[in-house]
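The following pair of complexes shares a single chain, chain A, combined with chain B in the former and chain C in the latter.
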Partner chain A sequence: MIGYGVVGQGLTSILMRRRAETVKDYGFNPKIVAVVDKGGAAINSRGLSLEKLEALKKKGSVAEDAAFGHPKMSALDVIESVEAEVVVEATSTNVKSAEPALSYITKAFKTGKHVVTTNKGPLALAMPALTELADYNHVYLRFSGTVGGGTPMLEFAKKCLAGDKILAIRGILNGTTNYILTEMAEKHVTFQQALASAQKLGYAETDPSMDVDGIDTACKVVIMANWIMNKKLTLKNVDIKGIRDVSLQALDEAAKRGNTIKLIGSIDGDKPTVKPTEIAKNNPLCVSGVLNAVTFVSEFAGEETIVGRGAGGMETASAVLRDLLDIRHKLANRLLNSNSE
Partner chain B sequence: MKKIVMKFGGTSVATGENIRHVASLVTQNAKNDCRIAVVVSALAGVTNTLIEIAEQAKKSDEKHIQAFTKELLDKHLATISTAMTSKQVQKEVTQITEKTIAELEKVLTGICYVGELTPKSKDYVLSFGERLSAPIVWGAIKDLKFETQCFTGKEAGIVTDSNFGEADPLMNFTTHLIHERLGPLLEKGVIPVVTGYIAANQDGIVTTVGRGGSDYTATILGVALGVDEVWIWTDVDGIMTTDPKIVPKAKMLPQLSYQEAAEMAIFGAKVMHPRALEPVIKENIPVRIRNVFHPENQGTLITKEPDAKATEVVKAVAMIKDVAMLNVSGAGMVGAPGSYAKVFDVLGKNNINVMMISTAVSEANISMIIRRGLLGRAISNLEIALLDRGGLVSEVSAEDDVAVIAVMGANMKGTLGVASRIFTTVARKGINIRMIAQGSSELNISFVVKEKDGTAVVRAIHEEFNLDKI
Partner chain C sequence: MIGYGVVGQGLTSILMRRRAETVKDYGFNPKIVAVVDKGGAAINSRGLSLEKLEALKKKGSVAEDAAFGHPKMSALDVIESVEAEVVVEATSTNVKSAEPALSYITKAFKTGKHVVTTNKGPLALAMPALTELADYNHVYLRFSGTVGGGTPMLEFAKKCLAGDKILAIRGILNGTTNYILTEMAEKHVTFQQALASAQKLGYAETDPSMDVDGIDTACKVVIMANWIMNKKLTLKNVDIKGIRDVSLQALDEAAKRGNTIKLIGSIDGDKPTVKPTEIAKNNPLCVSGVLNAVTFVSEFAGEETIVGRGAGGMETASAVLRDLLDIRHKLANRLLNSNSE
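Moving on, here comes the complex of A and B:
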């Protein structure tokens, strides 16, 4: 596991809480053999104690473990040298260069390890390249947690709608901006006031640019376009406009028409866009607060909308667990089939 | 502003004077508001000498290797001295060249000690041809006071699989890296000079792209950089209606479709290998074949849509010599599923490529065209493996005095009577046709005649379809 922040800790806590069920229901008995955080690494090829990892993290870094700590070891060295099936990459997002996560993921591929990531940066900037490299190295790349947090938006479109053709995707894909727009519309406060309130509640970062300028939404559009619609797009192909210029007046006028303004990320045909868009209040997509929602327009099944919380440590960690189970299932098939040959 | 990838082949960079000419072509276009990335081959003949020395190195001594590298160094130093005038730039390029040749000497010595040449080490040796030529072109452009930067295929970001000698790019990953590394330079007006032919696998080990060569590098780069056109500079005016040695009135074809160009690969080395066209076909980027010594000519443009005005049914005719016809017959093959597979399996396992196949619905015999040099091996292997084996094959016969005539054109598809015109023309000359094949793409009709009649057939067809007035 590379990166041991809220998502990583969420994962260890879920694994501890659900150990009995994951083994019984899914035959899944994972061992975490290495964890890397900013302070270094903890490595034990027989599996680190999850309880101890949590305790160490509370004090500072997992690298402080007396028996298994390696304070100076880098993430790349760990990925290269430690034997493991899967790398869970949960470092923070960088949309400028996608580093260092991009190097972590490619290193994992080259050393034959599957990757589960919650990091939007590498996918937004180099998704066609990464999926190609994963295929070439016969490993899986999974990233459910990057879109919709714990809400299975990607799987819904990819698995539940298999065989149908997704023609367009529209969605409210960022909880922070949705909270701000909801506050503005319902409490009649300015953008700045709503932003301040979001920051106070911990929904928005001190530098809110990723969210309010639409970049986070655009990353998610890129991921969906590549994964669900087989487009070869990256962040620079997306036409992006954030919510800084949405005025109370515009919201009022929309309200008079029975509508409201939401930050909608969409892809229809070949044009990915992110922009504040007026939609009807009775549109199933029109969710309030920090909720996310996405509508898939499919050729035969029509329109389906899926709603859920789009972020959060535990929510995203649950998506990582789903990805791990998916990989486990695929690996089991591979092993069994190769044995019978 | 137009973005163009320009590729210069071996003859274009054969001498210092030629390289200066290349540099002036590049910079003139750069002045005319073009953003240009350059791809260069090795100096004419160098790749072949590298192949030879690589084979020899495993059983020769250090002296022989030193003599070779000395000669190679002299050749490149001579080129440097005429390719650029600034002493400072000459010195810079000379240093790079000396360092590169010293590395080559170490590699060859290594092969000599180990006594073994693997596909991996062979690719490494072959990469030196382009690694030596690119810095000279870079120097010549720099000499003209243009901003330029030199890259190996690996440094530029071309990542391939590990199929040494015939590596295929991981196109999406390559696009990502080239975009990151060369894209910003190109935007700033810097001219990147990239070695053709060579790349690296994901672990950074040098690979070569094999068939298609530097042309392939150029189209990969073109796709990754999203250019407007890829220009292949060579020493001919473009793609011709036929070999001018056979028909002196042969014309240059101004425009071709990707499909037609791919069909014409059999015209020989002067035409792009279909593999090199693959990347641009997907992204619909036009390719232009131009004569480096006659830049005033527009050359042949290869695009998705063939010229809408063009009504010519047939665009080109070619004769492929040095082939032989192989006939496998036996009553046992009739109605026996898998019998053809057995024949091709034997040929495939012996590394014999089948160029053309013809068989009738009666199934009692199958005719194939293969390279003439492989005929003996093909016959003996087929006889050993299949003759009288359960009565499948009763006879393997061959004719080695034949030639294939290929007639091509996209508009042949769906046009009635083309075959009849072709065969009537041949019949009027009193020439017998030995074998015929037309794929369902209908872009090409190929047939086999005696080699001595080949020239006459090409001329007659060229005339029948008025190819000299195209």
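Moving on, here comes the complex of A and C:
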């Protein structure tokens, strides 16, 4: 595990609470052999105690463990030297260079390790190259937590529409901007006032650019277009317009038509875009507050919309667990295939 | 194929249009060896021509085929005598005795055939017994089209929340009643007026009891509770109240609170119920018109809502195709398992 913030800690917490069920229902009984945080690493090839990890983290860093701690040991050294089947990469997103996550993921692939990441940066900038590198090394790359938090939007599109074809995707994919637009429309406050309120509640960062300028939404559009519609896109292919210029007047005029304005990320054909868009209030996609929603337009099953919380440490951790179970399932099938040849 | 109405014809149409993709993507190249409608059967062990079936149906019955027609041959005789891997059962729903579908399904099981059904009757009345009988005969029973039409509500819950646990389910599961309640609330018309409008548009039957008395919704609650939450329920376990008594006054008062009234089917713990329920208009579950929606409350991923069209021949046919692909996938895995033993 590289990165041990809310998602990493959420994952250890879920694993502790549901160990009996994951063993019984999926034959899944993972050992966490190494954890890296900003203070260094804790390593034990026989498996670290999850209870102990939580306690250490509260004191500062997992590297402080007397027996298994390696203060200052780097993530790259850990990935290189520790034997593990999967690297869970949960460091913070960087859309300029995708580092250091990009190096962690490629190092993992080159040492034969599958990767589950919750990090949009490497995918937004280099997803076509990363999926190719994973294939080349015969390992899996999974990233359910990057879109929709715990809401399984990617899985829905991949697993629930077999035999059908997804023609277009439209989504409200960022809770912060949706909160701001909802506040503006409902409480009649300006963008600046709504942003301040979002920052006060912890929904927006001090530098809110990733959210309000549409970059976070664009990353998710890239991931969905590539994964679900077999495109080969990166962030630079997306036309992006954020919500800074959405005026109260525009919201009022939309309201008169029974509509409102939402930040919609979409891909229809080959044109990925992110922009403030007027939609009907009774459109299922039109969710309020910090909720996320996505509509898949399919050839036969019609339009389907999935709504859920788009963030949260525990929710995103549940997506990591799903990815781990998916990899386990794929490995079991691979084993069966090779045995029967 | 037993029953060749809008769903059966939708299925042949999808199979014709997507044959190249289903072969390429899933290795799935089915032959339809027998079709039964009210006029009799058409049978060809080498596979019936899908184009010809469509043309025959337009003339009256598939049994009129000069070479392969068997006028008056019964469905039970066809299921008994024809070699096939899967029976697609798409006759109309009967919630009193579940017949004749119940006999068709049990006959299929006893002759070693998997079943895909779009028929709620047998499941509502006898789902625990049917799943046991399928297990006993080592065959699969699938029924995605019975809930949500083409919207993969059952698959979402089963396939997209691995490692998590669904604690409760709440849904608007009947398009007709949702259309009526939406009309009443938005156009301020009485139940009788809205029902007449639904009948005129073909959304409601001449005898609207299945819909407006909540029975259709209750059938779907039974199916979801059994399939998703491992209950052993039948229709008689559900507390059912329909929408005949929902007044304009009650809708007006709900509206003053920012709410409205919807027919909600739910299971929370062990208590399945169907009843008109006041919910907030900004709740993602609160969809309008003929749309269906279901909210799954899960332990870690939070509340997730799926919205889609709840009916339609082509949509439901797409659910049948998904079930066929799922069975194919399971059979392939079963083969691999036995080879590697």
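In this text, the second predicted complex is superposed on the first by the 336 of 341 C-alpha atoms of A that agree within 3 Å, B and C clash if a C-alpha of one lies under 4 Å from a C-alpha of the other, contacts with A are read in each partner's own complex, and residues count from 1 in each chain.
The rule is simple: a residue touches a chain if its C-beta (ideal position, glycine included) is under 8 Å from a C-beta of that chain, and two chains touch if they have at least 3 such contacts.
In this text the structure is predicted, and so the values were computed from the model without any measurement.
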Quick check on the superposed pair: does A:L141 touch chain B, chain C, both, or neither? Answer first, second, both or neither.
neither
Considering only touches as defined above, state whether A:R309 meets chain B (first), chain C (second), both or neither.
second
With both complexes superposed on chain A, which partner does A:K232 reach: first (chain B), second (chain C), both or neither?
first
Between chain B and chain C, which one contacts more residues of chain A in the superposed model?
C
Touching A:A129 in the superposition: chain B (first), chain C (second), both, neither?
first
Residues of chain A that sit at the chain B interface in one complex and at the chain C interface in the other, please.
none
Mind pulling up the chain B residues that touch chain A in the complex?
161, 170-173, 175-177, 202-203
If we count contacts the way the header does, which residues on chain C are in touch with chain A in the complex?
14, 18, 21-22, 26, 28, 149-152, 155-156, 159-165, 282, 284, 287-289, 291, 293, 298, 300-309, 312, 314-315, 317-319, 321-322, 324-326, 333, 335-337, 339-340
Could you list, by residue number, the parts of chain A that touch chain B in their complex?
106, 109-110, 125-126, 128-133, 136-137, 232, 234
